[in-house]
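There's a structure below that I have some questions on.
Order as written gives the chain letters A, B, C and D; numbering starts at 1 within each chain.
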Amino acid sequence: MSALPGTVHTMTYREALRQGLRSVLLTQPDVFVIGEDIGKYGGCFAVTKGLLEEFGEQRIRDAPLSESAFVGAGIGAALAGMRPVVEIMTVNFSLLALDQILNTAATLSHMSGGQCAVPLIIRMATGAGRQVAAQHSHSLEGWYSHIPGLRIVTPATIDDAAGMLRAALAFRDPVIIFEHMNLYNLQGELTAEAERADIERAAVRRAGRDISLITYGASLYKCLAAAERLSARGVDAEVIDLRVLRPLDEQTFLASVRKTHRALIVDEGWRSVGVAAEVGMRIMEQAFYELDAPVERICGVEVPIPYAKHMEEAALPQIEQIVSLAASMVKHAG
Amino acid sequence: MSALPGTVHTMTYREALRQGLRSVLLTQPDVFVIGEDIGKYGGCFAVTKGLLEEFGEQRIRDAPLSESAFVGAGIGAALAGMRPVVEIMTVNFSLLALDQILNTAATLSHMSGGQCAVPLIIRMATGAGRQVAAQHSHSLEGWYSHIPGLRIVTPATIDDAAGMLRAALAFRDPVIIFEHMNLYNLQGELTAEAERADIERAAVRRAGRDISLITYGASLYKCLAAAERLSARGVDAEVIDLRVLRPLDEQTFLASVRKTHRALIVDEGWRSVGVAAEVGMRIMEQAFYELDAPVERICGVEVPIPYAKHMEEAALPQIEQIVSLAASMVKHAG
Amino acid sequence: MSALPTREHGLHLLAEMLRIRCFEDRCAELYSAGKIRGFLHLYNGEEGVAVGVMQALRSEDDIAGTYREHGHAIARGIPMRSIMAELYGKLEGCCRGRGGSMHIFDRERRFYGGNAIVGGCLPLAVGLALGARLTGRNAVVVCFFGEGAMAEGEFHESMNLASLWRLPALFVCENNYYAMGTALDRSEAETNLVTKLSSYRMRAESVDGMDVLAVEARARELVDYVRNERSPAFLEARTYRFRAHSMYDPQLYRSKAEVKEWESKGPIIGLTQRLKAANLMSEADFLQLQRAANAEVDEAVAFAEHGSLERVEDLTRFLYAEQPA
Amino acid sequence: MSALPTREHGLHLLAEMLRIRCFEDRCAELYSAGKIRGFLHLYNGEEGVAVGVMQALRSEDDIAGTYREHGHAIARGIPMRSIMAELYGKLEGCCRGRGGSMHIFDRERRFYGGNAIVGGCLPLAVGLALGARLTGRNAVVVCFFGEGAMAEGEFHESMNLASLWRLPALFVCENNYYAMGTALDRSEAETNLVTKLSSYRMRAESVDGMDVLAVEARARELVDYVRNERSPAFLEARTYRFRAHSMYDPQLYRSKAEVKEWESKGPIIGLTQRLKAANLMSEADFLQLQRAANAEVDEAVAFAEHGSLERVEDLTRFLYAEQPA
């Protein structure tokens, strides 16, 4: 993964994830991978392609369709001193393993009085936008971030895709890495930043004075595009990439709001009781008197995602929505 | 369940639930019950006690330890024209059935273009406060209310315990009824109100002018007690019982906030990304300019609930906290 | 070796399989053309299973399946046009274009999908069977699923519950030897699937899924058993998926030679040869069936092409049921 | 009939069972006295299983269990005082008083709980066994669970995975014939539990859990098999729960007579009679063992009584691990 200082490599988000995984497999003998079709098949999103050939069946373990058992296997192996990286193909299937994730992985360290840390990494694909319909389009990362004991991260950039796994391994806690399906083919430059990736802080992806667009994951690119269009209209938007949904780094977005006095949260997940509500509530609690307008949110419409393209698009946040709402927020409160 | 107009019966919340269930079993032949130990054992919280003897094994079906299969069995039976009432002993075990609940029950009607409604009722006990520790003390009703397609209700009174099941059966949607473990022994009067119970509106349980205490479930009683103490301090608190967490009846609490201009939300569930954040965000979005102070929330501390009594209490909202925070909110903004 | 059918029935079975094959091949073209999107799982090679089993069912029986269900939907008698329109995401589709390939539903024909969660259809089928029992309908519920689903906990729970409660369900495992890229022996410690049902005291049999006549015979026997004994049964149909798992699959996990060999044992070739050898069908008959299947698919495509789009304002419709209880 | 032990070993086994019985009886009293709260599931009648199996284990072996785990914890050598302090919710408890009765953990002794979700310990045990394998330890993981757990999907997934990956785990099913109030034949279509393991090609045996010597012998054999063949195994121990499921159970589902009959076959009575009959133990020996057990429990209770409470400020401690990787 070493990008020599200065040098840059252009690659896809998928390749960056693979490089990140490969580099920890090379440097940490206690790391191994479990998942469905990660080996012989090459990974359902090809992230693990070639790893079986390079690292062998002991470290790249194809699992049967048994989400609960192989996640539990990761938990137990973590207790036994290994550093398992469990891939659940997509968040849609993770519900079958939720008992192990919530009642065991997230709970053991605290419940055992600190005796049993669970240094487990779980990777899963998330998100909608590929017309795979109601049961394959969930965006539940915000929902998962309700659970104490877990660390929830959402790499949105090439550097984060490459670097966050190593950063996650620096903790001995269960960490879930959510990879948005629409980002796998994203092209970008891998920089030395990847080496410095962390899983504790949000990032300001675009600085601005007039309004804070707070988002994460694939929606980051919708917000950046919206920010460009807004600047054409004379609105200078700041774009915050939360990066970590639990524990939430509130300082970064609170500082932004104290500067811009307006915030619009963009979250592909269902609107009610989602991470957007949490961000809005934290702003209410800690920056109420700084606000020149009520915080607003643009989220996924609260329906199972339909297959038809136009209906799916209607169910997800769109750039135009962001632009017009942000513009009106600035105008009104201006 | 018929309380003749005027007459009242004193009973426990448990008995009210049983009466509600018994009355629909008597009047609706398509209603039947599935659950672990609801028959021979008499129900783990004795809600179904005596029903097997009265209605027989066809309608009171003891199920093996197979949460996913018997919830799915309820879904299929609902599709086939029955009105199953599935009891999952406690919300803590419902995680094993979450795939069926989210990917099938909540999704089928919309995904099938309206062909396949799922008129399924699920009852489960929820909540902490009985020293049953980390894996048996979850309050996930707010978390469940993130899921579109479900109706989530939280009866807190004797009338709602007796009447909400019948009200739920008036819909052909999956409805989850969350019964707080600490309420089963609550004593109270069953009134004719039970007949008019609905699952669409929140209720003002105490009228007040100075601040809105917004809550649901067992926390209602903490808020009512806090309101009494506050009135002694000259603070007149209004207490709102949300009753229904999905779809959320925002009109009732927004009207209250427009009157009091201050809101404190009390929710036993974990703080981040919970229903308290949602209520706060709705107030931000729709009543921002009515607020004389930022909305605040008192929630469960974000840890697995510990066994030791003093630690468990420290993890849950307490009356004193509510009183002092509410008082200071009124004072400051006064 | 299964018994020979009458000419009429033989041609009917072949026609059904050809309709499915033709539909699936067209779907592959339409996917490349961008007309069909999302995930697409084709049934080529497995037609004998759906067609054979469907022969044993009545209109009051219920069906549940997976994301690889086009063949079952067609064999059940759902009009191709309503399926194709669904794959096009059009309002005229059986689910208004909301479900797509993985979620075909047709309540009228008691076709309950179309479940994209592996194993997810099993508990549902148990419930449909319980419902059939409790509503007093003498119906049988047939649930189709892949062998990969047998590793899921839901398989175990569902088989036990169906047997414990003696529910009228036939569980048809389409064993095509792979779950995506995972070969059976890399997902099951015991690869003899029928053995597993002894854990549930459930009658279980295995059949050559490439012989539609054998499948039909076995299915009739088991469906009668389920209907009369009011006990569930399990049928393993050994078959093979001729195409990729979905349109994204590079098929690194199996050799071209293996695929070729299975193709030569395909259900359509097999029946065609037998009918011809027994002089029950001429080449002209065969070509006629193919033309008919093609024409039907053409018509379905034209229908889908001219279909309309659901109004965006209806996005939240049916989230909750419209008709009250 | 199992072989007679030496006097020393016989007295050791009896002492272990008496320690557990005495501890559990005291817990019941302390619960009524309000000293112990929450859910409390006692092991009376089942002592022979934990004690017998523990004889076959080494310090490097791992153990996982359920909410009914006091007996296993004691037999594993976790000091009674640290268990009792845990039940009191005191800081001196093995989990600082955070876990209580259902969550006994002792990392040092490789005792991994203490899981209150039925079936939840099975995937964990699979993982511990995988970890033992991958870290190169020649350890065996023993997982105790009730027969009720066998209906859960996690049982099915875990058995298959353990066998498929040939993991060093021994799964001990404590078949006490009831899951709360649900009798075995009302939860399993096939009540012969050993049969079920053929679905996973796993070696499986059954033993009289009321005969501690038989349990020990079987366990030694199977633990050796698991350690040497590096394959998992399953052991059903047929036993009975003398007390209520938990302190809230009115026991409507079984008769007093049934309980009485099983009590007469209890593991302690049984071994006591055999040792006496073989003149390996005198009544005085027996009374001496009882006194010792009582004294140990007295000491544990005194320790718990004088224990301290965790500081409320530490509520969020250990939510995340303190030592970095």
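As a convention for this text, a residue touches a chain if its C-beta (ideal position, glycine included) is under 8 Å from a C-beta of that chain, and two chains touch if they have at least 3 such contacts.
Please read all numbers here as calculations on a predicted model, not as lab measurements.
K.L.:
Name the chain whose C-alpha centroid is farthest from the C-alpha centroid of subunit A.
P.N.:
D
K.L.:
With contacts defined as at the top, give the pair, A-C or B-C, that has more of them.
P.N.:
More contacting C-beta pairs are found at B-C.
K.L.:
How many angstrom between the C-alpha centroids of subunit D and subunit C?
P.N.:
About 46 Å separates the centre of subunit C from that of subunit D.
K.L.:
Averaging over Cα atoms per chain, report the distance between subunit A and subunit B in Å.
P.N.:
31
K.L.:
So what's the Cα centroid distance for subunit A and subunit C, whole Å?
P.N.:
Taking the mean C-alpha position of each chain, the two centres sit 36 Å apart.
K.L.:
Mind checking the centre-to-centre distance between subunit B and subunit C? Centres are C-alpha means, answer in whole Å.
P.N.:
41
K.L.:
Where does subunit D touch two or more other chains at once, residue-wise?
P.N.:
97-99, 103, 115, 117, 120, 151-154, 157, 160, 164, 186-188, 319
K.L.:
Spell out, as numbers or ranges, the residues of subunit A touching 2 or more other chains.
P.N.:
Only 64, 66, 68-69, 92-93, 96, 99, 103, 110-111, 133-135, 148-149, 302-304, 306 qualify.
K.L.:
Across the complex, what residues on subunit B touch subunit A?
P.N.:
92-93, 95-96, 98-99, 102-103, 106-107, 110-111, 133-135, 142-143, 145-149, 246, 248, 270, 272-278, 280-281, 284-285, 288-289, 291, 293-297, 302-304, 306
K.L.:
In their shared complex, at which residues does subunit B touch subunit D?
P.N.:
Against subunit D, subunit B makes touches at 36-37, 40-42, 44, 62, 64-69, 92-93, 96, 130-136, 301-304, 306-311, 314-315.
K.L.:
Report the residues of subunit C in contact with subunit B in the complex, numbered from low to high.
P.N.:
These residues of subunit C touch subunit B: 62, 64, 93-99, 103, 105-107, 112-115, 117, 120, 122-132, 134-135, 137, 153-154, 157-158, 160-161, 164-165, 317-325.
K.L.:
List the residues on subunit D that touch subunit C in their complex, please.
P.N.:
151-157, 159-160, 163-164, 186-190, 195-196, 198-202
K.L.:
Any idea which subunit C residues touch subunit A in the complex?
P.N.:
Residues 37-39, 89-90, 97-103, 115-120, 148-149, 151-154, 179-183, 186-188, 248-250, 252-253, 309-310, 312, 315-316, 319 of subunit C touch subunit A in their complex.
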